[in-house]
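Order as written gives the chain letters A, B, C and D; numbering starts at 1 within each chain.
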Amino acid sequence: MKAITYHGPKDFRVERVPDARRESDGDAVVRVSKAAICGSDLHLWHGAMPIAETGFVVGHEFVGVVEDVGPEVRTVRRGDRVLASALIGCGGCAPCRGGLWSGCSVFRARGGQNVFGFSTALPGGQAEAVRVPYADTNLFRIPQDLSDEQALFLTDILPTGYMGTELTEVGPGDVVVVLGCGPVGAFAQRSAQLRGAARVIAVDLDEARLARARERGCETLNPKTADLSAYVAQATEGHGADAVIEAVGRGELLLKGVEIARPGGRVAVVGVISEPTQIPFLSLFLKNLTLRSGLVNPQRYIPLLVPLIRAGRIDPTEIISHRLPLTEGVHGYEIFASHAENALKVVLEP
Amino acid sequence: MKAITYHGPKDFRVERVPDARRESDGDAVVRVSKAAICGSDLHLWHGAMPIAETGFVVGHEFVGVVEDVGPEVRTVRRGDRVLASALIGCGGCAPCRGGLWSGCSVFRARGGQNVFGFSTALPGGQAEAVRVPYADTNLFRIPQDLSDEQALFLTDILPTGYMGTELTEVGPGDVVVVLGCGPVGAFAQRSAQLRGAARVIAVDLDEARLARARERGCETLNPKTADLSAYVAQATEGHGADAVIEAVGRGELLLKGVEIARPGGRVAVVGVISEPTQIPFLSLFLKNLTLRSGLVNPQRYIPLLVPLIRAGRIDPTEIISHRLPLTEGVHGYEIFASHAENALKVVLEP
Amino acid sequence: MKAITYHGPKDFRVERVPDARRESDGDAVVRVSKAAICGSDLHLWHGAMPIAETGFVVGHEFVGVVEDVGPEVRTVRRGDRVLASALIGCGGCAPCRGGLWSGCSVFRARGGQNVFGFSTALPGGQAEAVRVPYADTNLFRIPQDLSDEQALFLTDILPTGYMGTELTEVGPGDVVVVLGCGPVGAFAQRSAQLRGAARVIAVDLDEARLARARERGCETLNPKTADLSAYVAQATEGHGADAVIEAVGRGELLLKGVEIARPGGRVAVVGVISEPTQIPFLSLFLKNLTLRSGLVNPQRYIPLLVPLIRAGRIDPTEIISHRLPLTEGVHGYEIFASHAENALKVVLEP
Amino acid sequence: MKAITYHGPKDFRVERVPDARRESDGDAVVRVSKAAICGSDLHLWHGAMPIAETGFVVGHEFVGVVEDVGPEVRTVRRGDRVLASALIGCGGCAPCRGGLWSGCSVFRARGGQNVFGFSTALPGGQAEAVRVPYADTNLFRIPQDLSDEQALFLTDILPTGYMGTELTEVGPGDVVVVLGCGPVGAFAQRSAQLRGAARVIAVDLDEARLARARERGCETLNPKTADLSAYVAQATEGHGADAVIEAVGRGELLLKGVEIARPGGRVAVVGVISEPTQIPFLSLFLKNLTLRSGLVNPQRYIPLLVPLIRAGRIDPTEIISHRLPLTEGVHGYEIFASHAENALKVVLEP
């Protein structure tokens, strides 16, 4: 089958790989209809992650149709239209039963790789087909009235953006700052509105992205031209923001978030910060802050996000800027990495 | 001063009464700029409440300007534009410190009347001026950018509607049924949307009120022409509603609410049911329901509702159907009681 | 195999029935090592439940050893020592995924019987062996350092007692009233202490049971000789109890619970009230009460109760008053039903 | 009056200072009956805090009798036996109304000093008398059945220890690690037990303190002789601790806490870390941790801790190792700072 594979930083290739096949009785194989390139795929692209292997299929955002299921699988069948959680768990261990599939003991015991598309152990979804382990836990049927594209971002970034508002306990009347207007930031902004935020302040350096944030009802601020701390102070009578969500993945933004949060505020990081970051303990102490981060568990958020999409309260497709055939996926990476052509989210079609 | 007074069912009078004056060091006197007639005032009007006294000033929804404060008062001053919580507490006892001013021990010890306008002990706000006890606890300054009318419903019915969604723990993705599209029902619907409900199903017998509910984004159902149980079952794949809010005050609607809630669902009553009502324990048991009701504590909700009004996410004035001078207040009662002239909410101006 | 079967009120028989066998690929068969008689079995015994069938095996509290598993079963194996949740779910439907196995859609669609031992569809555990559907969801391995008797009450009544404290949100410093000192009441009292209650007031008519409650650190009150309302008022400076747990199953006790709860308090019913009960809505309203009841979901509480038993913070065997061979089970019912021989909990050994 | 004053690191003096007097209408003056030396007073002693002033009265833990009240004060009277919160708020600003007196806007506007005994603006309680601003908010009457010593630690360290378990959301069945067995650690351990922890693992370098922790039912570990990470891994089947509370105030212990927490776990710092500390963001991310710290708000915890002390579920006096006259206070500092004479907590009597 055809797939996009990793061969080193900026060396991704569309090539033929062995067909996806079941390896265990709980596996399913999914024929991919749509896949997407995620900001965390760019970490691979830029060489920001230490990866020893090469040749594996990349991508962890995909939807498709079940092609084969093992004898242990109960909840999906051949022909079902499904989405897979980007991050998988066994479903039976203590962390999985407790709702933290990202901490699955089974995968931890094997060395920990439970996100699609970062290893040969768990090949990704930018391909014609994918093997999905523990299908009962990790596949979700797509309701008839949802298109593939409407379901696609439930695999990762819509839950990730929403998680930002859960980790910061956004509630009615809150002033929320979202640092970053990329796909995850956009969904964090939408989620904050859905949870009743009075004001959502969206921050980015990219004016095109800020314009889109304004369209979705946010106030916007470009740190190149205005001072965020002063803006937040003015907006909150000097108290600070109730919630701050870092959706870029830069240590300095986390520090800024801690600075602009109010006493008793909550700060969450849903971007992936790879550089070492010194969190000033004293601010946490003097301001009674809560600081959280974490791998997303889409399994947890899908049941509440699906009805919101069906009811039209969220339209996840608003972030799609490009649709390309899988065979042009490398170009997709290039424009997404460079913000060329105002690329915000690239969808691939095998 | 002029005021509307109670002399028996349907015998309300505009008449002169002694001027409002401080009686304790923590009191303030507020010159009323706007007052409103509340659905619970209609209980008096219809004689549905056992009241021994006559001659007292009615009304518990009012805003105005502070005219006088006692020496203990710290947080408001002469000239401040303020709103009063319809229900007051001393601020110092255990229930008040615990955020349940409605259960204030001081008022309980005196026999319990801590809502304005139902007794001579605590005269109401449909008057030129009102005495407000424990002003530090029960008066709130109105922000400059909020008009009197925007602040007026913070005294009672906007918090009451919002409370319905808190008591039923409405959260993102929920299917919420609001029984009743009067002022409280309308605000419960808005609040459910603000808290992220996927679908809000508004129920009423009055087509004009249903039309307004549709304008605010609700699905609507008139039990005269459609079956609510069937509708909810269909809307939820047979599960039932996540949350049901009774906003009318009729026992049979509470029973219907229990019937249409899903297993694990929440049911709240924010209408005042005066007839004896037999709640079927077995449904609570077999469906693991949570049932709640309660007097509203506006003090609790004002801090989160004010920023929502300021940001334009709620416009409380949307329910105002009539504005009348205080001297025509009796006519206001008549049209509100009879739904004449599509009366939804009547505001009085002294 | 031998089993206790139902043939009508007070007509339970020890007799031979067909061996338990797998019927579906997700089933397991468990050879029973210990079973217990539950208070809700007494509803059958007394004819308080409308049951059309006869001849089925009774009992829903049992532990044993896995004898056979179907091909879909992943998490338990032949030879595992296990306990079964008294109440079962499919594990895959929306209510099950949401943690409410008691509301399982699959069983609801089949007419609803998902408790062992109340129908021929789901024969019970007072037998030499039992078929357990959806074994991955409903069986739990017993840790090596827990005896069968220590694990036995995790199947139902320990979680039920604990649930009483969760439904009433018992927290540090609370004054908690537990109505009833039977097995469920005893565990509710222990659980209230574990969650930090300052005072647990245990109520019963049976002096022997009250003496046991005092041994576990409760204050006790016998309504035959003292007035509960006066006692609670005195204990709480007139405020009322923070939490009241009805653990008997009598409507009048629920009403008493509503009476003695403080404003803002929580009342839960974990006994099964079979008579129609008129809950006074006005008390809920005037006192801002939360009222809850529900079928227990042991699957939810087992993960937190197991470590507490292992650490010695709860000893569930404290309630065992009698151990009898399965063949003497009918005698067990007789003494438990009549409180003869101070029977508190009867364990049966096949 | 006599008082202990600060003149530089290790230069504390017992000397005469001007009598405490009311300065505002909301002030009270309290004649001190007992005061205590707190671990955070040692920061002053050791010169670990940048303090520009000298000559001020130190100490923030004290109880006494109200000697004078201003005209605004409503809730306490002359002659009342009271305790003061170590940290004070105005009671009327948004943070105070929201339950975060530590973030009081009024004090923030004045430069922030709202803990007794760290400045001339707010002289401390190791004195014969103290001025208490905003007495209605910051003084609490001591119930008759509580001794002065039983009430003394409600001013700061009992709430601080308890806060550690709240910030880490300790619940039934949890495995909790408390780093440190000083006064705050001891109360964190007691609080963890009260909230239902299955196991409390107490860590310290001081064997005498570990022996006391064992007496209160903890498992103990001395890092000098055993490996904490290995111990926690073994105790939790490799998962890690549910909650970790740093109660010493050393950056390296915070890092250890992050290491031993399980995925989804909670880490809180209730010790004061003064050295710069680099929190490894990646651990927060990969393990979905919640990290919290904060100034204590005793006002929040006193209402729940008082009933626990009255019921005998916590005996705060267990930590008192020394009782000295105020005039020997400097000796008290010396032995507490050096752990001489097994000093754990020193109480001073004016």
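We adopt the following convention: a residue touches a chain if its C-beta (ideal position, glycine included) is under 8 Å from a C-beta of that chain, and two chains touch if they have at least 3 such contacts.
Since this is a predicted model, take the numbers as computed values, not measurements.
Annotation for subunit B: without this chain, the others remain one piece by the touch definition. The interface with the greater number of C-beta contacts, when A-D is set against A-B, is A-D. Averaged Cα coordinates give subunit A a centre that lies 41 Å from the centre of subunit B. With each centre defined as the average position of its C-alpha atoms, the distance from subunit A to subunit C rounds to 42 Å. Across the assembly, subunit A contributes 94, 98, 303 as residues in contact with two or more other chains. For subunit A in complex with subunit D, the touching residues are 94-95, 98, 100, 102-103, 105, 108, 237-239, 251, 254, 262-264, 269, 272-273, 276-282, 284-295. Across the complex, subunit D is touched by residues 162, 171-175, 191, 194-196, 198-199, 303-308, 310-311, 313 of subunit C. Only residues 25-26, 71-72, 74-75, 92, 94, 97-98, 136, 303 of subunit D touch subunit B when the two sit together in their complex.
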